[in-house]
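Take a look at the following structure, please.
Order of writing sets the chain letters: A, B, C and D. Residues in each chain are counted from 1.
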Amino acid sequence: MDKYTHTLSMKVRDYECDLQGIVNNANYMHYLEHARHELLLARGLSFAQLHRDGIDAVVAAVAMRFKCPLKSGDEFMVKSWFEHQGVKYIFHQDIFRASDGRLSIRAVIDVVCVVNGQLSEVDIL
Amino acid sequence: MDKYTHTLSMKVRDYECDLQGIVNNANYMHYLEHARHELLLARGLSFAQLHRDGIDAVVAAVAMRFKCPLKSGDEFMVKSWFEHQGVKYIFHQDIFRASDGRLSIRAVIDVVCVVNGQLSEVDIL
Amino acid sequence: MDKYTHTLSMKVRDYECDLQGIVNNANYMHYLEHARHELLLARGLSFAQLHRDGIDAVVAAVAMRFKCPLKSGDEFMVKSWFEHQGVKYIFHQDIFRASDGRLSIRAVIDVVCVVNGQLSEVDIL
Amino acid sequence: MDKYTHTLSMKVRDYECDLQGIVNNANYMHYLEHARHELLLARGLSFAQLHRDGIDAVVAAVAMRFKCPLKSGDEFMVKSWFEHQGVKYIFHQDIFRASDGRLSIRAVIDVVCVVNGQLSEVDIL
């Protein structure tokens, strides 16, 4: 029994790999962001529309542990769940390699909402 | 005597290299875009400010020839000049490796201005 | 009846959009590259494996025409076919927006093979 | 008196900004990586050469706090220092906006060395 409420299947694209032949670290943040935005969409919320409405969901903090690098051709799942604490949405996001289910990275991402430049308690989720 | 009116010196960042150990092709478009925006700034025009003013300079066509790949640690110059033809600004941009002056890529980029979603003859440069 | 022999369905990720709110031009090169590598894989060829075998498929020239920008949330298809001319593989790649089939960009990409640093007529496809 | 032993001056490139008009979070990881690699170079170590020598410096953990977003045109400094603890190099990296010295992000990055696929105590710095 796990806490994840959202799963997104993705595949490494070669341009995401760097000269070490593994996915460059920054791209994991891209994967996680895309998974959060898909999670939002699954609940009827568009990141782009929120922005046009004057509500910007921004990342306040990131903690990531890298366990096993993804490589060219790897398929993987981004599994996410979140909790609401005060002004923060805390996203727990883990990435698993599809071929063997091995944990690739573990991440905790704090997101806050900024409305007209001010930190806000707006309830988006 | 050359036609270039703008030169920007840059250096390859390792994350721009892919698993072949050379700069990924898409990053040359980033280099060229950054050089065009610096050229605009040198003339008092900000790409971001233009956007806020409702004027979007957008690329309509790209032609690039790749001559010599840049690698980790390479310094290079992006040299640019442009001409105005009807609704188009045609940017001629070449990238040279700093160590030996060798041509890395040659590019021609057509840029048009879109104002409120419509192609426009607005004169920005 | 069209010439395309490969179709890849993709979806815009928000981080691929820039401050104009549309997909940044360089990302279309990423989309096209990923589609070419998937086309290779469908024929049993891995770009990463080719590199490890000492064969580097590199882009020699790019011509792209931008017709209609993709935006946050857009799904799209990259449709490709290629021909072999001397040392070159010429890829014809078009991107269509899924919602209405509208052409987003049209591209022609020349790829050559480099073996041990030398242009080669190696027949990979 | 601060502990920083390395400073790198950089400038936001427009393609690094996303549809919110601010630098996309993943790009801060790029900035930090580039600063670490320049710090290595200043000590005569090349990340690419290390890789060719069979030594891969890889990120094991990242902790970042985002304080103030960078925007189009912003210049900034990445200030870094590191300590060596067992098999880990712990990099402390802060980014400051140049215009007013305001802290943009604070980061701690754990790096380990992998030699022939095994975690190693090799002493690179």
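The definition used in the following text is that contacts are C-beta pairs under 8 Å (C-beta built on N, C-alpha and C of every residue); 3 or more make two chains touch, one makes a residue touch a chain.
Predicted model only: the values in this text are computed from it and were never measured.
Homomeric contact chain A/chain B: same residue numbering on both sides for over half of the interface positions. Among the other chains, D has the CA centre that is most remote from the centre of chain C.
C-beta contact counts were set side by side for B-D and B-C; B-C has more.
Rounded to whole angstrom units, the spacing between the C-alpha centres of chain B and chain C is 21. Measuring from the averaged C-alpha position of chain A to that of chain B gives a distance of 31 Å. Inter-chain centre distance (chain B to chain D, centres taken as mean C-alpha positions): 26 Å. For chain B, residues that reach two or more other chains under the stated contact definition are 14-15, 17, 19, 21, 24, 26, 30, 33, 47-48, 72. Against chain A, the residues of chain C that register as touching in their complex are 13-15, 17, 21, 30, 33-34, 37, 41, 46-48, 71-73. If you check the complex, the residues on chain B that touch chain A are 14-15, 17-19, 21, 24, 26, 72.
Listing the residues of chain C that touch chain B in their complex gives 19-20, 22, 24-27, 29-30, 33, 47-48, 51, 56, 58-66, 69.
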